Every structure is written in C-alpha cells, then in structure tokens.
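What follows is chain A paired twice: with chain B in the first complex and chain C in the second.
Our next item is the complex of A and B:
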C-alpha cells in the first residue's frame, strides 16, 4: 500500500493535487476550466463550418444593431439602454377580408418601450410570395398617447424587400414638422425618424415610455399571396460582447477565438519544444560534425529577424491559421531552446547509466528517446506550459500586422478589425478590451501553471 | 570445474591520447580464463584496472589512441571484429558487465523490470511481456521480489540497485561477467550479501568472472586467480592461495602488508611515494622508485615474467630465485 502511495505522487492525480495546494494553482486551473467550458460550449453551440459561413456573410446579421456595446454596459451608465425589439408579422389566411379584387388584412403587434434612450434604427424586412402584383403595405405606429402616425405606404419592390424606415427622408421631414407643431416653445435638437416617433412632447429630448403598437395594413392582389414581415426596432446594446461595424455579434468571434487561439498556442509551443528537445538531444548526443552543424544552424536561425520574415512569407502566400502555425514552427525550429537543452544533454550524456546502456547495446535512437529525453523532460515541461501564451500573443501580433486570413475569427483578428475601424478613437472600447482581456487571462493562467510546475519539478525552488 | 579455456588475452595494450602526451593505460597484459573461473584484478587507483575491463568489452573512451594485442574468446579474436558485429554477437551475449557505482547505473525513468529486460529487448528483440517475465525471473534469482520489480530505481536501496545491475548482466546468459568494483559504494554488510550472491550465481550458472577491485580482502571470497596490476601492467599473476601465502612480487607483498587483518598485531604499512605517471613511466621496472629492495638492474632493465610455479608468474628480479 505504501508503495502505491509513493508512486501516486508522480501520477497525474498526484501532480494535480500538488498544483491545487497552491492558491495560484487553483486560480490557473479555474481559468483553464473556464476556457475549457467555453470551448466545449462553442464547439457544440456554434458548429465551425456553419458559424464561419455566417461570420463571413454580409446578410446574416442585418437584424443586429451596428457597433452596439455589450448589454452589461448599462450597469455602468446607469441608464436603461434600449435592446433590440423584433416584431414578426404573418398574414393569416382566415383573417383576410375580400373586397372585390383586393384582399385586405390588418396585422398588429404591441410592444413595450420603456428604455431611457431612443432606438438606433427602424427597419422592416419583408418576405412575400405573390402571383401577379406585389402587395401594398401601409405601416402605422400607434404611440402610448394615442397618436397614430403613418410611417409609409409601400409597395414591395421584390419578393424580398427591406424597408429602411429610419433613413426615410420624407418621413423625417414629416415628423419634424409634426414635432414642431406639438411643441410650441420650440426644440433645440434635430428630429430624426426614431426620435420623432418615440419622443415625449416636452421640449426636452426624452423618450415617451409605454406600450406602442405597430400596425401593418396589407393589401394583397390574390387570395393565395403570402407575406411575412419582420420589424426590428434596433437597440443600443447587444449580446455579451457587443457588435462590430458589420453588425456581427463579437462574442461569436471571441468564442471561436478560444479554441483557435489555444490550439494555435498549444500546438506551437508543444511542437516547437519537442523539436527543440529532439534536435538538441541529437546534437548533444552525437557530437562531432552533427553537433557543429546543428549549433551553427541554430546560431544563424537566432539572428534571423522573425517578424519581417513572417510578414514576407505572408505576402507571397495566403496563410490561414494552420499554415501560419506550420511556418511559425519551421521558423522557430532551431531556436534558443536548443542551446539550453543541449547543455542539459551534455550533462546527462556522461551519467553512468547512459554508458551502461551503450555497453549492453542500446541503439543511439533508443538512448535518445528512452534514456536522455525522459531524463531532461521535467525541467522542459514548465517552460513548455509557460510559452503557450507567447504563441497566443504571437497570433494576435501577426493578426495586427494583417498577416492572417481575415475569414478566421480569432482574438487577434477581432482586435485587428477594431483597430482598422478606429474602435478606440470612436469609443468602441469593448471591441478591443474584451479580446485583450481574454488574451491576458490566457497568459495569466498558463504562466501561473508554468511557475507552479516549475516549483514541482525543481523542489529546490520550494524553499525560496 | 570445467577446464575448458574460455578467454585468452595476449599482449593486450591500450593507450589514450591526452594533451600532455600518450597514456599507456594497459600495457602488454596476458592472462587466461577458464570456464567457471574467477580472475580478480587488484591494484591501486589509476593502475589501469578499469581500463582493462572496459577494454575487454570494447568500451573505449573517445581519446583512445592504440589498441593492440589479441583477445581470444573461444579461439575467436574479438578485438579484430568490427563494432557492429561485436555489439551484436559479443556484448551481453558472451560478455556482460556489472558497473561501478550502482547508484548511477540505472535509468532513473525506467521501472526496474523494464531496465533489466532492456538487454533482452535490445539484443533478441524479445516481446516486451516475455522479456518482463524473464526479467522478473532473473530478479527473483538475485533476490528481488516481484513487488520491487515494478518500482523505480530511486525507490530502491543501494544493495538492491546493485542486485538489479547484476540481474541485468545475467539476463542474456553470458559466459563471462566483468565486475568493475561491484561493491565499492556499498556498506560492509551489503557487500557481504552481494559477494555471497555472486558466489551462489557462479556455482549455479557456472559463470566466469573478471573481478576488478581495490579491496584485496574482498577478493578472497570469490577469486580463483589473482592479477596484481601496477602502472598498466600485470606484475603478478597467481592462484589465489599463492597470492596470500606466497606472494612473489615486492609490490604484492607491500600491498598485502597494507591490508588490515583481524588477528595478530600486524602493523599496517603504506607504500611510500605515489603511483607513477603513465605518460612518462619510469624506465626498467616501473615500481623501482618506490621499491625498498631496488637494485641497479631494476632501474634500467625491464624484468621478464618469471614463472614461479604452475600458473604463478611474477615480473620481479627478486622472484627469480623462487622460480621453478
């Protein structure tokens, strides 16, 4: 029994127990578990192919507000910022009144508007099936104070039609004169469509809160014609991470950024560390001209400027995340790690058990992989873990340089797009801050874990 | 005892190249080894014992300069074999080695049973499970129970590690085992245990040992023949009885005088001076600068190998009168 206890210290559970005995270890694992759950959720909730297709389509997110901060931003402003309100209308066959050649129906939807700010836009998306002529739609808004305002009389231009009411100049003019008539004392603000519709006639720029109704008077030209309409009263805040300049919800990119960035970081650090380990061991073990060749090669590699070469390669070839990973691995293959690991190998190489192995005829490869590498692995693992964020950051840096394929949503790409669209200048802080905090969180968790593993494999550090 | 000649070493010499000059680590060594026989090689530190053992199994350091002579194993000159054939056919199949310093001769990341099975896997390409089974069998033979076989080396005591190393040498059934100071790092009781184990194995498996040690007291346990080395040369080769009772070479006598005994009021003597440099060895008898009975001839002429009796040879002018 005692025997097993001793061994368990070196098992996975033993290491986990040791890690959890540090507060920082608990913190690191909590963050990692958070990322794990995030990745799992992402992969199940947003299947990759489908999501990437949506992300890069120009029409998928038309019903989202543009450049909206996240919903939780309201907590800090203290105001109740308007959310998106989507009203779905559908022509019900049983409710159609036949008036000779015209088939009429009235569609009505009520909604509560009790936000502290005006909506940003008002659009209606039509989808119709008709035989001869397109349907005619009259759109009214009934305000809580009883005013019924005709917004537009619209004949559909095609089966799929979008009515951008908030950009309707004649409506704006109409509302302007209406508002000025209602407020004799005059106003010191301009009247836009959304303001004119949701304004409390008090002379100040206040929202009239209460129950509004949107009425669609539809005139069909055939009894079998169909019509559905989506009216969207655009809010000011959206989702947990806001939206970008193309109305895309940023959280989708951030969620997919987690698996992409972490697999990039882990893949890079794992393959680079292992390659360093193997190359350094070969160099140290064989010695002679092999050693000289590898060392000179390493020295040449070390003075090569990494980023300029990276950018040059990306100018010639279109790189996606995975080909970028391959290029990063190739460019880092002979790195500084080889020097330090080789020093370890030279030390281990002279140990008697290696000589013994040689005498009983173990081949060079057996000695390298079964005798030397497992021996020098422990001090290498903490640096492996701690170097994961280095490569995650590298991905972000390369994205900022515009080296990456823009269709893949990674944290770096989100920051890059924010940067290109002047996010900080225009005050879209969330667009930069959220992906940056995720990057920092990754760095913190892996670094903490790396430090702790370092303490576990180098017990002397525990005394400090 | 089977009188079949197993190993014959003829004029074996080994020299290293160093920055200061060439070192004659082993100089014209001759001896025979029969099946089931043990040759103990004794001498001071730096006299070339370990070089001889390593030379026999062709574990040369990088700076080796010259290897001369013949090593006949079953009448086959193994010194002229190429490295690959030697590795495949001689190492561990015919000749195995137990290393000095049990503490460091085991791979720290392999379980004991894996470590012991290694030579079998490497040489015979044995299936892992079969090799493990055989390894456990051999471990049982050297007195390590199955529970310990699954442990890592750092969980074992020094004596157990030494047993593991002996098991490793035995696993491929070699005929000759080179023991390079197998007990040097162990306490006296563990030493006794290991010596008993080696004796038992010798009897059961009819092994031949070449036992390298500087602990003369220990040799009486195991040896059939003694070889005394000084400055890279074998200065006296004798049956073990003669070694203790009737040493011929002055150096052997002085060496024996420096060994403490249990009974008697013997005053321990040390040999004045220090072993000569092997880069620039003294002329004539290499021991002459330290020899209390030095004569003029010793300083100039190298003494021949005098045959004193059957199997007893000595390289000393003073043993001339003893010769048959």
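Our next item is the complex of A and C:
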C-alpha cells in the first residue's frame, strides 16, 4: 500500500541515524538519556508514596542543617566548609558502675574537626526508656588544647528529648566570659555557642582545628534503663543539592521533579497535538457545517486568555498535577495548531489514494484515522517535541503563583519556595540555580531535538 | 455561612431568643444572602447573568483588595494598574519587533556567515521564557553586582520632580526589558531570517538584483514589502503573548501592573478581582485581533478586495 511506504520513510532507525549526524542532536539525546536514567533511579530508589510522606513530614529531617548549600559549593568559595558530624551514643549495659541507687556510665566519642568555618548548630537528640525517674546527663566537650568545657547538666524531660545546645543562653554567657578571659586584648565579634566552643584563642575569628571529643556522663536511676543519644554538629554544606528552610534535602524534590515535570510536559504536548490532529482532520474532511463550527470554536478559543484562566481554575478548584493536566488539555483543545493542520488536510484530501479508498468503500473514520492522520503526522512531530518545554515551564509558572498542590515536589515548587523564602536576596543561589539549570537542560534538549526533526521532515530547511 | 453565623453571634439583640428561633433566623439570613449574591439560581442562569456583567464591564467589588486610590471597585483597581503594564510590555514588544526585523533582514543577506551560524546555534535558548532569564538577571545585577534594583516601579522614597521620577522608572525597567529581549532575541532573528530567505529566492528579487539596485533598496522594497502581512501577524501574536507572559514577569520583578494584581489577588483569594482581570485580558486579546484585521486590510490590497 502506498500509504505505508510513505510512513516507512520515517522509520525510527532512519530518524535516529539522522539525528545523530548532528552534534546538537547527540547533545540533546545525551541529556534526554541522562534524564531517563535519573527517572529510573528515582522511581526505584525513592518509592513515590514513601518519599512524598517523608517530604511533607515535619520531623524527618531534623538532623540536617538549615539552608545549607550543596557540598560542591565550597569549590567556589575556596574554603573547606564544615559538613554534618553525627555522633551516636549508646549506653552499654556491661559498662555501668553501680553506686547505690545510681548507675553511672561515661560515653565518649572523638571526632576530627578540620574545617575552615564554625558549625551552624549543635543539638543532641535523646531517646530513653526509663522506669521511675528520667536519667541525668552531663555533657562535656574536650577541645584539642585540652580544655574540658561543661556544656550542660540535663535531666531528660521526656523519653524523647531534644537539647538545643546552640540556643542555650546561659551556656552562651558562660562561654563569652570564658573567651574574654582567655584573650586579654579583647575581641571584636560576638560569641555564640558554636563560636565559643570551636574558637582558636587568638583574638581573630578562627577555628581551632583538631581532634575534639564529646563526653556524656549518664546517671541512670534503674539498672534496666536505656538511653541512646545522637549528637549532631551541624555543618554548612549538605548533600548534592543542599537543603531548604525546613532542612529538607532538595535533591529529593529535584529527583521526583524529573518524572513529574517531564510526564506533565510530555503528556500535555502529546495529547494536545493528537487532539489538534484529530479535530483538524475531522474539520477538513467533513467540511460544511462541521468545519465552520470547529473553525468558529477555534477562533473563540484563540481569544481566551489561557494563563489567567488556568490560574483562576487551579486556584478555585485546588487541583493536583494530573487534573491540572486535564484542564490544560481541555483549554488548548482548539488552538492555533488546528488552522495549520487543517490546511494540510485540505491538501491531502485531494490526493488520489484517498479517492481510491473512497471508491472501495472505506468509511469516513477509516479514512480519517488510517489514511489522513498517518500522512500528516510527520510534519506535526517536530512541533510536538518542541512544545514539551512550554508545558514544563507552565508547570513552573503555576507553581510560582502558588496554585499547585504544595505536597507534590516539582522543580517549579522548589523555585517557588526559594522565591518565597528570599533565596535571591539572601544569597541562597544554589536553591534557585540547580532546579533552574535542570529546567533549562530539559528545555534546550527538547527544543534542539525539535529543530533537528523539523529539518528532517522539512528538507527545504536544510538548504537554508 | 460562617460570616453570617459570626455576625449573628456578635449581635446582642438576639441573645434572649430561644434556640430554635435563633436557628430559624440564621437560616433565613443565609437564604437571603444567597439570594443577594444570586447563588440560589441554577448554574446556567448564573453563567448568563455573569456573562452579561462581564461584557458590560460591570466587574463588581473586590472582597479585600483596594486600589491605591482607596476604591474597592474591581474596575478601578484594574484601570489603575493597566498603564503600568502597558509601559513596560508594549515597549518590550516594540523593541523586540524592530530588533528581530532588521537584524533578520541583515542576516538573510549575509547568510552562511559567522553571525548567521551563531544565531542558528543559539536559537534553542529562546524556549526559556523571559521571566526565567529575569531570575538570573536579578541574581547577577542585584544580588551579586548590586548595580540595578531587583524590582518595583520607582525608588523608595519616590524622587521628587518629573525628570528624576522618570529616570527612576527607567532604571527599574532595565532588567525586565533585558530579560524579554534576551529571551526572544535569537529565535526571533532566526525566524525572520528564514522567512526573508524564502522570499529572496523569488524571481522578482533576482530581477531587481540584475537591474543593479542597491542591497538596501532590495531589502526594503522587494523583501520587506511583500513579507509585511505575516510579519504584522507575528507582531500581533507577540503582543498577545506579551499580555499573558507579563503576568509572570511582573511577579518576578514585582512590577506593579496587572499581573501583580493577579498574584496579589491569588494570595488574598479575592475571587472578583481574579475574574475581573481574566475578563480584561479577554477584552485586550479581542481588541488586538480586531485591530490586526483592520491593519491587514490597510497593508494588503488582496484582503480588501475579498472583503
């Protein structure tokens, strides 16, 4: 059949070969494969339901630093920024000394601190099981120069207790007078808890590098009481994409943003292009009142302001990403694409093979779906591919207006949160730059591919 | 409903009534309030009623927002902000239009040169919308270099005198304008160039060349003139898209225009304002299409004959 020969000119292999003959085509495919691998990794490594639950829980990420840039950020700053140090303490039953009613034990952990900057916070998370009275904990820090500083004497307030040492005022005051006593020439900076603990006594704001140890003197009231403690010395950098204002690691949102954003973009452009194709073919093939009805509809649709209506609908009905996709498709069902495709259909309609099909009695629907649409499909594909970024950015726009479902992490949501928390003005550039560059990579790869496919199906363009 | 119940509870004169009587009163007040807002009618009838209001530009009152003049009428809120939007985005569209037209025309004559190849290579960058470049421009010129303001219309406090005031607006316009120009520059030039290249293979252009006309004469008389109708269409479409694109750009740059009203209304959940702005946008688009048709008739004689 002649019809099939026409399609076979655009075999998948042939197109791939031709795409790879362009340097930009190779680049586009490499980026797309990268995203493909990323999506596969995400879907397998972070199951959707669990990850979303984690992302929206308020306690899951308490042990991460707040607003920390990614680890590789320190390449640009040229300093060795502190990373998170987590020390796990566990009361060992065999090591308890019995002193009458009190059971004592000393827990000690060493850690190397050789970073150029002070830690941001110092918290200890306790988890205890006790029968009568809560245990008492004395916390000491031993500095490399031999100073042993008592941080706090603390009786647990409940079985799960958090000690925010860096917010402790009395400790801060004690450290302040201690530092001032050590440096007779005086200091021109304020002493916070983390500064006071990790300061080199030189009069300048320098970190004393070396081996520190944290000591917990635990007094239990019963031999069978248990206690574990997690001491976290919060760093300044975290993970491959940093953390946000709620200490959540941004890379989780970015990883899940890839499948969500790309399926939104691909789904929208695919279904819109196909709908345009079908509607335009029906309009061109039937002619008469069907044609004029569809054309008038298209003209009305073209005058409707798409974005404001989109924002209005998603604000009033609080839709999630997938129902939003349906709204996008409905709102762009009759678009400008119908006019151009209809012109194509009118040309194809007069070709002999269509006439032959009519002669042997093919039905209207058979002609539309099997003879006309496959014929006009190739010229439409470049615009399909090239319009994917439009919808990916539409997602970002809707997120920016805060009308998207806030529990679904997408690239747009990350940028929106960065904006709302003043990332641009406070200098948290990584927060905007990383999702933005992912968006840009997606956009560029799809549009490069679109350009090349355009050249393949419109050979005229090659000459120009 | 909550509003009515709260208003009722605050009113001391009802306190002595029995429980049942109170419920009855609340119910009747609720019903009359529904009737006042027209919510007791079925949806199709309400739609027609709202459509009539929208067409006659009777946009009602805002729920929470007021215009800078203090009026709660949606019409006043919108009319106050409309010129601010027009200043920025019409300027941007006009600059873009002429830039693309003339650079495209130039490049189509020097086709195959280094600049030509550069423009082609960079044209995929235009899929990234203007507001997105805006984010980067803010980062570079405000957060990093501290030479341009990140957004807003004028300095605070606004400078006194017309000329300093005007200059201050100009300073705030630089970044949004730049973001729009960068965003569409390469694809715009590429499209115009390809378009003119198709025209330059026509026989009459060859004839003109053979006659010995200067390149400039060929460019304006034989290339630009016949290509004008589609070029104008492109311009009108870009004006249309600028109306909607403006919403996001204004939000990013805090530009107090119509788009900013939309984002404010979203944060207040001020339904009448959102509906009003949507109606105004629809009017703007319709007017643009109408003007386009009239311009077509003026520049293209064929259109006039067909009527």
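Assume the second predicted complex is superposed on the first by the 454 of 464 C-alpha atoms of A that agree within 3 Å, B and C clash if a C-alpha of one lies under 4 Å from a C-alpha of the other, contacts with A are read in each partner's own complex, and residues count from 1 in each chain.
Here is the rule we go by: contacts are C-beta pairs under 8 Å (C-beta built on N, C-alpha and C of every residue); 3 or more make two chains touch, one makes a residue touch a chain.
Since the structure is predicted, the reported quantities are computational estimates derived from the model, not experimental observations.
Participant: Is it chain B or chain C that touches the larger share of residues in chain A?
Facilitator: The partner making contact with more of chain A's residues is C.
Participant: A:306 contacts which: chain B (first), chain C (second), both, neither?
Facilitator: A:306 sits against chain C, while chain B stays out of touch.
Participant: Thinking of the overlay built on chain A, is A:111 touched by chain B (first), by chain C (second), by both, or by neither?
Facilitator: In the superposition, A:111 touches no partner, neither chain B nor chain C.
Participant: Touching A:366, do we find chain B (first), chain C (second), both, or neither?
Facilitator: In the superposition, A:366 contacts chain B only.
Participant: Pick one for A:316: touches chain B only (first), chain C only (second), both, or neither.
Facilitator: second
Participant: Could you say whether A:390 touches chain B, chain C, both of them, or neither, answering first, second, both or neither?
Facilitator: second
Participant: Tell me which partner A:429 touches in the superposition: chain B (first), chain C (second), both or neither.
Facilitator: Second partner only, chain C.
Participant: Mind pulling up the chain A residues that touch chain B in the complex?
Facilitator: It is residues 3, 6-7, 351-353, 355-363, 366, 370-371, 374-375 of chain A that touch chain B.
Participant: Can you list the chain A residues touching chain C in their complex?
Facilitator: So the residues of chain A in touch with chain C come to 24, 302-309, 311-312, 315-316, 386, 389-390, 393, 396-397, 400-403, 415, 424-425, 427, 429, 432-433, 436, 439-440, 443-444, 446-448, 451, 461, 464.
Participant: Show me the residue ranges of chain C that touch chain A in the complex, using the header's touch definition.
Facilitator: Per the stated touch rule, the residues are 111, 121, 123-129, 131-132, 135-136, 138-139, 142-143, 150, 194, 197-198, 243-245, 247-248, 251-252, 262-263, 266-267, 269, 271, 274-275, 277-278, 281-282, 284-286, 289.
Participant: Spell out the part of chain B that touches chain A in their complex, as residue ranges.
Facilitator: Those in contact with chain A are residues 57, 59, 87-88, 91-92, 96-97, 99-101, 104-110, 118-119, 122-123, 147, 151, 155, 165, 168.
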